[in-house]
Each structure stands twice: as structure tokens, then as C-alpha cells.
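Shared between the two complexes below is subunit A, which pairs with subunit B and subunit C, respectively.
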Partner chain A sequence: MDKTQNNKAWFLILPVLILVAFSAVIPLMTVVNYSVNDTFGSNDFFWNGLGWFEEMIASDRMHAALGRQVLFSAIILAIEVPLGIFVALNMPKKGFWASFCLVLMALPLLIPFNVVGTIWQIFCRIDIGLLGHSLAAIGIDYNYTNDALDAWITIVVMDVWHWTSLVALLCYAGLQSIPQAYYQAAKIDQASRWSVFRYIELPKMSGVLLIAVLLRFMDSFMIYTEPFVLTGGGPGNSTTFLSIDLVKMAVGQFDLGPAAAFSIMYFLVILLVSWVFYTVMTTLDAQETK
Partner chain B sequence: MKNRASVITMTLYLLFLLIPIYWLVNMSLKTNTEITSTFSIYPQTLTFANYITILTDPSWYMGYVNSMIYVVMNTVISITVALPAAYAFSRYSFMGDKHLFFWLLTNRMSPPAVFALPFFQLYSSIGLFDTHIAVALAHCLFNVPLAVWILEGFMRGVPKEIDETAYIDGYSFPRFFIRIFMPLVASGIGVAAFFCFMFSWVELLLSRTLTAVDAKSIAATMTRTVSASGMDWGVLAAAGVLTIIPGALVIYFVRNYIAKGFALGRV
Partner chain C sequence: MAQITLKNLAHSYSATPTSDADFALKQMDHVWQDGGAYALLGSSGCGKTTLLNIISGLLRPSQGRVLFGDRDVTDAATAERNIAQVFQFPVVYDTMTVRENLAFPLRNRGMDPAYIKARVQAIAQTIGMEATLDRKARGLTADAKQKISLGRGMVREDVNAILFDEPLTVIDPHMKWELRTQLKQLHRDFGHTMIYVTHDQTEALTFADKVVVMYDGRVVQMGTPEELFETPAHTFVGYFIGSPGMNLLDANVTGNTAQVLGAQVPLGAAYAPISGRTQIGIRPEYCELSATEGLPITIRRIEDVGRHRIIRGEVGGNAFNVIAPEGAAIGADQTLVRFAPERINVYADDWRVQGGAV
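Coming up: the complex of A and B.
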């Protein structure tokens, strides 16, 4: 749609600007303020320049947390995106069963994050959990509270359980928008199942798929509550992701300066990646409407 | 043949989704002694004691009440401010509109962990700490951008001719907006409200940081009880089941729009 040029539209945006300025800009500036100051405990601050940033960039702790975070997000995307597409392709197209599947699949998305953690805690414990108990019964040595690998597997499975439906729902919506004529044409051409997917379904899904990847990247990159409830970042530090580490540093140890510098770099990383996604998204949008 | 494979895949996937939830429900209907002593896939002695504990103990059920209060406040605030903004984004181009739109989205992307401490200090300094409005305002951080994006997606679908006709008919902007335009995007408003409700309901970190006693949310009540009273698994499971219910109840109404909502209105 071509839009009217009118700078008075700013007045309609004003309420949002004021509200978001209050709940985003002021806190963010507080963080910036902390990141360049040092303190002796009381409210006595003095200028520290970029000291905290230099310290955090060089610190092993941040490298380790960042490494775990990147690895986690990569694993999550590698599993959830193909699985989500696969599920979407297998969903019933219409009628009662389509609604039935939609409602059930959306269920995990609406569960409070800490309850997701609790569900998996209860599900995986060796003494009371169905999964933990069954695995122990068939002789697999599994204990997510002691073994780093088991903890990782548990968190990844939990996240797959929690969020794959999101990817599937978005892809399903994309698939629904493909006109039936496309499939009929493919049938006349005797296209194989794979080429129908590759040349009809995948291009039509690319828009929503991009959103799905963007959302999954963002949310997995700032994951906090689920691993916090499930493992508390342990065993040791093996599942301490960026957010968990940050909260530990800021609220637990009250190291404001380093935590603030950490926050800003964390925020910038997310911002950068999101901007790339957003640019690709809007470019695709523009191409489509042409 | 293909059909049968699909049915099997979907059945397996849905089972994978439902078994952990079933286990939670199962736990909530057992007594604590049964949970720790015997292992069974269904409750041997069915009990509702865990639910009764929650529904009769103020420190538990007030958690739900508090959560409901700030969630509703947040939804109302978010939708109210987002409506005119989404209209502006969908109808006009103005200086800085694209940057502003992206800037709003960045707030949806910012990790709550970054904001937890500054929020705590900000709201403490203006005397709002441990009030419902503090959590409601804090959740606006990610809900307002979300609402703007979803509403903009729906409003783009309404033809511009309707606006122009209404102005020719002599409607003023507020009257046109409330009487004609809002009913047209009613489903969008419903979906946006649902998503604001949901994301505010599922959030833990900010609501836990910003409340202590008077406005303590159910999510915070749950985490604190785990550490305090040891392993009261039955009650914990029952509390979990009760938090799932609100989402499960309304999900049916938005089932056809849920993908659009999650995609920030971009499907």
C-alpha cells in the first residue's frame, strides 16, 4: 500500500514513545552509566572509561558463557527448524483435526517459562520422573544434575519440546497460503515430492521461515528461566548461559560495572544479528510486493 | 500411503508434547508420600489435597490474583498506546518511520536480564517497587512493540479507501477510529491482547525482580517455594497445572490467528 507522507503521524506515535522511553531508554542509560563508572560500594561513583569493557572482553568467564550460548543457539536452530518444517508438512490441512493439532501444539507455547522448567524437572528426575526412571530401568546412566552432557541434552530436548511448535505453526501458516493450482501444475509436470518441496513449498515459506529463525535465535539467545529452574546453570558452570551469568553477576555478586559492560555487549550482539535478519526480511517483503 | 505416514508422525509429535504435561497432572493428583515412595504412571490414591492447599492458602492463591492484576493492567496499557501508533505506521510515512519501527522491535529483542537491575533501581527510586503497576509497566518493554507489530499487520489489510470515505462523510479522526476502524480490526485487537496477556503471564525474571510481598507473582511464588519448603512436589505440580489453564482456555479462540501473532503480524 502506498502511504501518505505526513509528519503529523508522530503525534499518534507519541504515547508509545513516552512509554517505551520510560521502560527502555531510562533503564538502558542506567546500564550505560554503570558500565563506564566504578564505585567503592556506597553511592560514590568515579569515571572508569572503557575499563570494564576491556576487562570483560578479555575475561574467560564471558568467553565461556558466550561460547556455550552460541553453541546452544546453533544446536537449537539446527534441530527445531528442520523438525518444525517436517511437522508442518505432515499436519492435516483442514477440518476438525487441523484445529485439534493447532490447539495441542500451541499448548507448550503458553506455559509460563518457569513451569516449563518445573515440568521437565519433574519429568526427568531419576527418583520421581517418568523419563529419568525409565532410562534408569533400561540401564542407561542418566543424571542431569551431575553430568554435564546429560544436562545439556535435557535442556536441548526441553527447548525442542517448548518451541518447535512455534516453527511448525509459522510454516503451517505459510503452507496454507499456497494456492492449490501450484500443486496441480506440479502434478501435471510429474514433479517428485522433493522438487515440490524444494521449488514450491520452500520458496513460499521463506518469509515466515525467516521470522521463525529470527524469533528462535533471539529467544534462545536470551534464554534464562528454563535452564535456571531446571539446572540452575550447573553442574558446575556447564549450562550457565549469558543471561544466567549476567543475573549472577549483577544481582548475586552485585558487580555492577562489569555486569553493565557485559549487558551492553550482549545487547549489541543481539541487535547486530537481528538487524541483519530484519534487513533481509524487509528486502524480501519489498521484492514480493513489486 | 502418505496419509498414514503423516498420521503416525503427528501422533508421535503430539505424544512427545503431551507426555510431560500428563506427568505434571499425574503428579499433582498424588500425595507426596506416594510420589517419593512408589513409581506409577497413574495416581494410586487419587487426591485433590494439593489443589485444596493452593486454593485455600492466601500466600498461594494471592500469587494468581497478583499475576492476573498486573497482566490485565499491562494488556490494557499496551493495547491502548499501540492502537494509534500501529495506525500511524500502517497509513503514513513520516520522518524516521522505518528506524522507529525497527527500534521498537529491538525492545522485543532485548534480554530481560539486561534490564532487571536498572528496573529494580528505577522503580525503587520512584516508589513503585512491589506494586502491580511496576510489573505492568516493565512488561510494556516487550509487549508494546509486540502489540504495535501485530496490529500493524492487521491494519495493513484494511483498505485505505475506508478511511477516505469516512473523512468525506464528515467523521472526525477520533470518531472514525473508534466507531469504524476499531471494529474492522477487532480480530487483530483480540489477537494482540491475547499475546500481550500471554507474554506477560509467562514472564518470570522481571516480575520476580520487581515484587517482594504485596504484588508477588505466581511464578515467583513457585520458585521460592521450591527452595524454602524442600520438595513439596505435589503442590508444585498442582500450581503448575493451574498456571497452564488460562492459556489453554483462550487458545481455542485464537487458534487460526496464533501463527500470525507469533510472527509479529507478518504472515
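Coming up: the complex of A and C.
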């Protein structure tokens, strides 16, 4: 039997298309416009072709920022994913303490990004900050404003504090969906604690873990507000991540052309890496099904 | 393998049980033979799962002891009891292959790899999954997964007992029959003690040598399918076993006659004077419509189920069913129902009274 061809359904997605056009596509097109032109203000544009792109691809400054960004995302994923799983495994399963932990875990997620940065900036100051001053008092040479390593450690700890909850809550939801019978069966089979994790909990969590890894990768790769408030990208350029550098270039130096070219490449990199993550993880999933 | 003894066992979910009603499982004393196939049968909430969890060690009874052989295991953890359990829904390790799933309980106990290999092969053959041994368990159908669960339960030779908690709930009807037959076969081949929880009488009656009928936290009867059918020890057994269940009528019993609705019904045995609410119970199979003798029956509806017909009606305001064999004529003048005297059971306050010789 022939299917009735009825493409009217496409009209139903028209509102979304319009909305997305105004909120994302059209603004993005102005960025595209800047990236292929040179401008000195007052809406005078001079065609520059792919010049800005070539300049940016060859730029050492961008290479350094990209390197720092990749390192940062790698560290964040390496710490937050295992730590989140560990926290989720050890959270109470029911009763008052379960609700208590959930609320406690959700708190950091509810704090605005710039407030998180401010909290840590003050917390770590060596003159008045609780952490910074305490560290100084016990004789540890810590100063995030002029030591690059200290700055990195501070930003990583801040991000772990801010976002591990997200991974933990997602994993917790995954764990809660495992029927009790699985644990009983594992007990009867005399499975070790590791086996229970490896063969029951991890496979059941894989779906939410995929989401958690993707979210944490994207967020950490685009991080701006917290390090900007905390270190402003310093000392020197040591914590200048891609987005911070981009803002410096576009708003600080008014190099709109190179900044636009770079933001397009930045966008494509995130898109590409997310796509690779997603494809790899879903094909792994599909292979296991076979 | 071991004989299972339940000594003065009772369980209450409340911390301070005061009355009988607080007990999910009322006090019981039972010995379950080594190598027997038992079915725990009862409606939802009758305590059969509680009893199973006590035997498997997931629940500690609030009083009494559980013995496997001579060993008191009341306080032993599940893992120490050396039992296997198959759950209502298939529990398989998704990321493992079928082979790894079957080998898992053996590997965890550090068995010899050659032995594991041979044993897994043997089990795979019994459950008919040799061809899929190297596939991941995740993509299999629900009944294949449940077969793996059954196989994992079977794979250890030295288990004290294998417990089944309504294992065929998620299985298609035609597969149910096949799996039930396989279970029966496995029981014959390996001789494990098997305890099978179900609310389906067909499953219980076909699987078990001994059916344990539970009602309201009590074991009301433990017997062969035939005993449950012919001499139900409790009116619940009469009602629950059989399709439709046993007919019950209030009566006054003196000697070998029952007074029912002003008529005399002869009984197959003589009874001493009975106190409490007295009823006679008769299976629909042993009733017969008649034009000349018996109790008046009002017929409401006749269902033809192929093999026989079920006549649904009322006797003295009580629902009453009669099974008429295929081909038996039912005429408009047949307004009476008569019983086979030797098939009538007498109940006092729901419990069966044993009669003496006439």
C-alpha cells in the first residue's frame, strides 16, 4: 500500500525554526560577516576573504590557549567523572539522609557562575581568605595571584566543587533505577564489590554517564566566568582559556575580524568533539547489543 | 543439598507485634524433604514471598529457626547459605556473554576452569542455548534472558536449594509451558530441592510433587495435587484450587446426613457432633443436574468451554457451579442438583473435619 504523502507536519516545526533563527542563526551570521571582512567601525567593511582564519590558525597565542583549554577539560573529566560516580555510590539510598544529601549536592549547582568565582576568590585570598590565610598560617607557600600552578589548582578545585554534584546526581539517578533483585542475585552469585560495580552498576549507569561526560566536556571547554572572576586569566597568560582570550581580543583589543574567525573555529571544534564523543559512545553501546 | 526445616517460624514486619494480625507469617513447623519439588501457592499478600525471603536469607524471621540439614542458618547471610534464586524478572549481567553469565557463580567461587567450561556447556544444552553462548546477554529476548537466569540458578551442583519467585511472569504463554517442562526435567536430572512461588495453580500443580497452599500468613495445606483436589483441608484451598472452585453450602451435620436448606443430603462418612459454622463442600465436577432429586438450583448461565460445560447458578442464594460432561443434555426440567456422597467434605469454621466409617 502506498503511504499518503503529507508533508504538512513540517509546518509544525516552523515556530521553532523562526525562534532559533533569531536567537542563534542570525546573530551567528553577523559573526560570519565580521570574520571575512575588516572593519574600522562606522559600518565600513573591506573584504578580507579567509585572511583572518589563516592568521588565527597560525597564531601561537591561540595554540597556547587551545592547549591550556584541552588540558583543563581533560583534568576536569578525569577528576569529576570518577569522583561523581564514587559519591553517587556512597550516597544513602532512602530516608531522611538521602533527601538531605540531594539538597546538599544540588546547592553548588544553584549558585550563579560569577558568584562562584567571587566566593573562591575571597576564600583563597592569603590576606583575608579562610583557605588562603590558613594555608599561609601553616607555612604552605600558596598564592594563586602570582603562581601559575597555584592558580591552576585553585581553578580545578573550584570547578570540581561546582560541578561534581552534577555528575553525582546523574549517576545517582542511574543507580536508583537498578532493581533490588540484581543486588540479591549478585549476593547469591557471591560477586565481589568490584564485580557488582563492573557488571551491574556501571552498565546500568552508562546512559546517564554519556550525558554527564558530554555536559561536563562542553561546559569545561567553554568555561569563562569563574576563572575570569578568580584570576582574570593570570598570572600572565597561564589561566587564559579560549573564551577568556576571545573576549580579550574582541572586546579588549577590538580585533573583531580575528576574534570572529576564531569564535567560528572554536564553535566547530566543540561541535566536532561533541559529535565524536557521542558517536563513539553510542556505537560502543550498539556493538554490545549485538 | 539438604532437607529444609522450619522450626516455630513466624515473621512480623512490625517491631512489636501484639496480635495475630501483626504477623505476616504465622507460626509454622515444616520439614521440606531433600530433593523435593515444592510449590508455594497463594494469592497476593498471603506471605509466600516473605517465606521465600526467609529461606533465602534476605529476611531474618522475627522468631523461630531455619535449618538446612542439621545446620542452623537463621543468622547466616544469603551468600553463606549456598542457595540459588531465580527472580520474577530476568536478572542477567548485560555486558557479559551468555557463557560468562552462566560461568559467573562458578568463577566467583574459584572453580577449576576446565570444570566450569564443561558445566556451562551442559547447562547450555539443558536450557537450549548452546547456539547463543557467545552472544551478549543484553540483546536477547525476555524469555531467553529468563532462561539464562534459570541456567545460572542450576549451574552449581552443590546448592542446598533453588528458589523460584514467580519466574514465568514475564514469559509468553507457549514459552511458559516449555520452560515449565524444562524445569521439571532439570529437577529429574539433577535432583535439587526446588521451591517455586506462584499464584498460578496450573504452574504449581504441574511443577510440584508437593503443593504448599498459603492463606493469610498460614500454610493451610501441604499435599499432592490430588490431595488438594479431593480433600481440601481448608475452604480456601477448595476455592483456590480448581476451576471453578469448590461449592460451599451452610449445613447441619448429624451422623452421615447433612441438613441443607431443609433437605437431607447423604454424606459418604459419619461425623461426630460439630461445633462452629458448619459447611459442606462439593467440587463442581461431582455435582449433577437432575429432574427428580437433590437441591433446587436456579441456573443463571451456561458456559461451554469445549471439553465440558460450566453451569453457573444459585442454590439458596449462594453461587453454585456444576460441571456437566460434554454431550450431557440439559433440559428445562432439570431444576435440582445432586451430589456424589463420598465426594462431599465437611468443614467447621473453614477447616475440614475428618469423618468416620458409616
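To be clear about the criterion, the second predicted complex is superposed on the first by the 261 of 290 C-alpha atoms of A that agree within 3 Å, B and C clash if a C-alpha of one lies under 4 Å from a C-alpha of the other, contacts with A are read in each partner's own complex, and residues count from 1 in each chain.
Basically, a residue touches a chain if its C-beta (ideal position, glycine included) is under 8 Å from a C-beta of that chain, and two chains touch if they have at least 3 such contacts.
Just so it is clear, the structure is predicted and the values come from calculations on it, not from any experiment.
Shared-chain residue A:S274: touches subunit B; no touch with subunit C. Legend: residue contacts after superposition of the two complexes on their common chain; A:W120 is shown touching subunit B, with no touch to subunit C.
After overlaying the two complexes on the shared chain, residue contacts for A:Y172 are found with subunit B alone; subunit C is out of touch. Applying the stated contact rule after C-alpha superposition, one finds that A:I200 touches subunit C and leaves subunit B untouched.
Judged by the number of subunit A residues each one touches, B leads among subunit B and subunit C. Taken in their complex, subunit B has these residues touching subunit A: 5-6, 9-10, 13-14, 16-21, 23-24, 27, 35-36, 39, 41, 77, 80-82, 84-85, 87-95, 97-98, 100, 102, 104-119, 121-122, 137-138, 140-141, 144-145, 148, 156, 160, 198, 201-205, 209, 218-219, 222-223, 226, 233, 236-237, 240, 243-244, 247-248, 251-252, 255-256, 258-260, 262-264, 266-267. Against subunit B, in their complex, subunit A makes its touches with residues 1, 3-10, 12-13, 15-16, 19-20, 22-24, 26-28, 30-31, 86-87, 90-92, 99, 101-115, 118-120, 122-123, 127-130, 133, 161, 165-166, 169-170, 172-174, 177, 207-208, 211-212, 215, 218, 221-222, 224-225, 229, 242-244, 246-247, 250-251, 256, 259, 263, 266-267, 270-271, 274-275, 278, 281-282. Contact residues on subunit A toward subunit C in their complex (touch as defined above): 179, 181-182, 184-185, 187-192, 195, 199-200, 202-204, 288-290. Across the complex, subunit C meets subunit A through its residues 56, 58, 77-79, 83-85, 87-89, 91, 93-96, 104-105, 108-109, 135-136, 138-139, 149, 152.
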